[in-house]
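Below are the structure tokens for one structure; questions will follow.
By letter and in written order, the chains are A, B, C and D; residue numbering begins at 1 in each of them.
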Amino acid sequence: MIIVMKRHAPEETIQRVIDEIEKAGMQPVPLIGTERTVIAIIGDERGLDEAHFRSLPHVSTVMPVLRPYKLASRETKHESTIIRVGNVEIGGQTIAMMAGPCSVENEDQIEESTRGVKALGANILRGGAFKPRTGPYAFQGLGREGIDLLSAAGKRHDMVTVSEIMDVRDVEFTASKIDILQIGARNMQNFDLLKEVGRLQNPILLKRGMSATIKEFLLAAEYILAQGNPNVILCERGIRTFEDETRNTLCIATVPIVKELSHLPIIVDPSHGTGKVQLIPPMAKAAIAAGADGIMVEVHPNPDVALSDADQALDLERFGALMNELGPITHAVNRTLPND
Amino acid sequence: MIIVMKRHAPEETIQRVIDEIEKAGMQPVPLIGTERTVIAIIGDERGLDEAHFRSLPHVSTVMPVLRPYKLASRETKHESTIIRVGNVEIGGQTIAMMAGPCSVENEDQIEESTRGVKALGANILRGGAFKPRTGPYAFQGLGREGIDLLSAAGKRHDMVTVSEIMDVRDVEFTASKIDILQIGARNMQNFDLLKEVGRLQNPILLKRGMSATIKEFLLAAEYILAQGNPNVILCERGIRTFEDETRNTLCIATVPIVKELSHLPIIVDPSHGTGKVQLIPPMAKAAIAAGADGIMVEVHPNPDVALSDADQALDLERFGALMNELGPITHAVNRTLPND
Amino acid sequence: MIIVMKRHAPEETIQRVIDEIEKAGMQPVPLIGTERTVIAIIGDERGLDEAHFRSLPHVSTVMPVLRPYKLASRETKHESTIIRVGNVEIGGQTIAMMAGPCSVENEDQIEESTRGVKALGANILRGGAFKPRTGPYAFQGLGREGIDLLSAAGKRHDMVTVSEIMDVRDVEFTASKIDILQIGARNMQNFDLLKEVGRLQNPILLKRGMSATIKEFLLAAEYILAQGNPNVILCERGIRTFEDETRNTLCIATVPIVKELSHLPIIVDPSHGTGKVQLIPPMAKAAIAAGADGIMVEVHPNPDVALSDADQALDLERFGALMNELGPITHAVNRTLPND
Amino acid sequence: MIIVMKRHAPEETIQRVIDEIEKAGMQPVPLIGTERTVIAIIGDERGLDEAHFRSLPHVSTVMPVLRPYKLASRETKHESTIIRVGNVEIGGQTIAMMAGPCSVENEDQIEESTRGVKALGANILRGGAFKPRTGPYAFQGLGREGIDLLSAAGKRHDMVTVSEIMDVRDVEFTASKIDILQIGARNMQNFDLLKEVGRLQNPILLKRGMSATIKEFLLAAEYILAQGNPNVILCERGIRTFEDETRNTLCIATVPIVKELSHLPIIVDPSHGTGKVQLIPPMAKAAIAAGADGIMVEVHPNPDVALSDADQALDLERFGALMNELGPITHAVNRTLPND
């Protein structure tokens, strides 16, 4: 950590900072410059409280040198993490293809969806039961009944399942039925929920918050890892910007940045990331070209009767076309699709 | 709602939209333009699903005419809501002054804080027990013990109390001890938590999410109102932008915008809104000048030993100076301070 | 255009809007709703002034139906524009590879750069002579001398050249020496400069402004097209967001969105778009996978002595490696590289 | 400047950084930490090129310690700058009130506007002649004829005038007729224009760019100051964010931040900052409460026939009401209005 004092900071305020650093067991190195004094700290700064130093008298700025996450960092664990669940690997050679409806609506719909996406090459079945909806009057999902329907469909078709949870009281129930639990963008900093899923061993699909920096995204993963669950899959799904042609700005650069900073696998969700059906194929291709470990897309057998997010779901025909388009790109980066 | 069809949309796709509108019990009005067809809907569109219409073939855009919240809207309830709790009113003639430490740390600290802020004119005591921290290794608050300490301090000094909750499992306990429950920015769209506090009668202080639009902010309030709790206090605390001189960009315009759109009271938090002690006084003055119903500030008897957010807390001397500065501004907008 | 009146708007204010529409030669269609009146306008609304209608008494909102650009729109010209300059096509089957140093520094440096990038497969030579620098004390480029050096290098090696202009007084000089004139992100809304280059026939490479919406981006192109120059190449180079791991947030979705809305070619600049050398290859691959017509990258024979933007330039070895990586992706989307 | 090396950086790369620092005439101080080496630089780092050091092998990050502007900095000039023009001071005790129409439209309109705003207490007359319009088909202003009309109106009524310039070729003409030249938000980084007005002695009103950080804003001022013109007035006019209830997010905190970092006066433009007439009064009050040195508002004798930005202009009655509301706030912060 580097502490920059204000110009003309009195001697005793500089001494105070030095004393506080020593008290914390670190070694301070004061650098007396022509314009101001800077105090460098030697040692693992992650035990120090930045805000505390920032609040000391005549301190101008405090600049951390190390990144604040440890377990999520590639410096801590150099080799990439591969998460295995059922017969599927995420983060390995094969691109994970997660597909299914935004919401589980009824048995027929989830059955038709599952059969369809499996036949076309998806290896993980998604479906929402607890739905985070912006307004209270929108369809809120089938809840536990939806979890049961999704779980049954996954079992019938031997597919790994993934579904979102929002309430700590649903964690245990859902974890017993569904393979991968998803933490949605709105809950990326719901720290009690992160801690709760950190106590499981199910893989956790953690979506980036709408206004989360990559540092905060990895710190949210760190919450889960710190509780003992090493199976975190990151998911870029777009951030909020001023641009209004798309629902969110899907930040493809997150993929190589996360690959550099962390050992965790990362996938991309072009459905929520754009909010427009016609942008899903080009953005899915871009994601794989940039190194993503998987793609999550909304597929509905009949999007124009869907109960939620109808405008960003592919029908089965379009999902088949997408799989066909993804083949050559996937091979161009020396990876494989589940149905290769 | 206005539905704009794509140029050269086939006749049958236009008819499909018209049929769907009629099926939903509304009246469609097709307008055949020179470049494209537009279909207006007469009736209360809030029962319709925008996304569904957007997903229909050859639909270009869907534009809602009405705002999606009802109970929070000033059109539904014209007179401004005044929330009464203990001997305090929020949204009335007197500016609510909420002050106290970021975190409750121990009995001495909360006692000294309470005595201090009360003597200087605050009428509501704030203090954090459940702390949302970006990283898992930072101090997470005293939890229920902190709630007990805050509650006791409030009782001893006859002050209304406010504290944040994050976990649905803490709602009942906290509501029985603390007057006003706060939903923090990170939980503004934690919908299960919103529903849970919507079943209480305690006033709820709802902070704006870091990347929430004002529409989403009012929809989050609507979640609480829709469950039967009419006592929602809104709080602007800054949004996330590219600017890095401040922790957040405190959006003062939210105050008059919310006053126009909603009947609910709105306060401003310049501590989190800026993250810098020296910006709290000018921004608190700006907030009151713009019509805010209250101010929430972090005050710590000894900020440079605080366990959290030390760099944005006023000491008691500075809080006293702030109260003195706020007097003339408050009177200039024909309102009063609690200690007038 | 759709004009939504406020609830309870008096009859005469509605009539006023209707009169104004008729005065402008359009046909108003009033729709009397249960909650408010909406007035639709039939006719080409692009002649109407939105702001004027918004300012009329008791008007709530004004929603345009048509997009405000015409010449740039794919509705006006359906087939994609291919721009031919020298022996190069932009927007056709072959990906345009623009490479060269951030700044032209001296004859040796530009000679070495040109020889290097040409041998490795670039078909357009870039080099900055007029440099927009955030601070006045940074190297501002060689100016017209730099233009002469770039022009000579292009001629020696038979390469098409591109360079940025910032000052209307340099347009004529530069246009006589350089093939493609670049308008940088900071000047995307320098309307006098847009008009000036609109009077040329040289192709114009128009970069997206740091906070420009895609609508504004296409309107800036419209300024050039409206003056008679049809040769506009768009360039996505990142927008400004809260994320600080990269200099800008490179918005790959701009590529398919622009392809849908406009007939103009679009390329991507991953150097400025990320500001980090190691992110250039994955983002260049993502851009081509998403359908970009070209890539612009900074290449310097010796980046660590470069006079500007040293941290985002590839050396020749890395540029060669990039070209090798781009091959399979380019072929996967059925396109070719210049050196195929 | 602080240079952080990557973990396990080879000894020779550390030595290279040290050598480069010494070559630049500064003193390097290497700090060998447990996890990585940090090299601090003692001396005035503003002569160093951050990007160069960032491009050296095995450098992880480069953190500047000093702010990059000098002449604009309050560290360089401690007392606040007061700019005197005609009988008006900007930055002194009296709030500058700049008012007038968005565009100068004709002699009658500007005469009526001038008479009106002067009578109600404005001391500076604004009016646009060169108009930056997002699209090429909108009214572009009267150009030099507008400058002549504004100049004449100012002379007739003995008012200081301010008008925007966009093209370097109009600088000399406009500077000879108009007192204060305005650089608009879109041209804040039009560096040739900044240099050109830096050679004048007319005060320059510099508006913050839509996505400019405060650092970049002050660096733009530095461009003008570095050419020899010390008379720069800064103007906050809102930044671009995701919020869509207002045209821009007016960042009131800019006022106290700029006051801390710089000696230059700063005013606020609530017309462009919000884009909504009804938000002008609360935001003007907030600006003055926060310490702004002036307010710029659009006033039109008859907004609903205005040729541009009609929806954000006050009529004379509303401007009079605003002046009445501003009185008590201005006095509460111990300042005066021009008509006090």
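Rule of thumb we're sticking to: a contact is a pair of C-beta atoms (placed from the backbone, for glycine too) under 8 Å apart; a residue touches a chain by one contact, two chains touch by 3 or more.
Keep in mind it's a predicted model, so treat the numbers as computed, not measured.
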{"item": "Remotest chain, chain A as reference, centres from CA atoms", "value": "D"}
{"item": "Comparison of A-C and B-C (more C-beta pairs in contact)", "value": "A-C"}
{"item": "Where chain A and chain B are represented by their mean Cα positions, the distance between them in whole Å", "value": "26"}
{"item": "Rounded Å distance between chain B and chain C, as computed from the means of their C-alpha atoms", "value": "39"}
{"item": "Intercentroid distance (Cα basis), chain C paired with chain A, Å", "value": "31"}
{"item": "Multi-partner residues of chain B (at least 2 other chains)", "value": "211, 240-242, 244"}
{"item": "For the chain B and chain A complex, residues of the former touching the latter", "value": "46, 49, 51-52, 54-57, 68-69, 132-138, 140, 166-169, 186-187, 189-192, 209-211, 216, 219, 222-223, 226, 240, 277, 303-304, 306-313"}
{"item": "Chain C contact footprint on chain A (complex, rising order)", "value": "211, 213-215, 239, 241-246, 249-253, 255-257, 260, 273-274, 278-279, 282-283, 285-291, 328-329, 331-333"}
{"item": "In the complex with chain A, residue positions of chain D that touch it", "value": "2, 4, 7, 29, 31-36, 38, 40, 42-44, 63, 65-66, 75, 240-242, 244"}
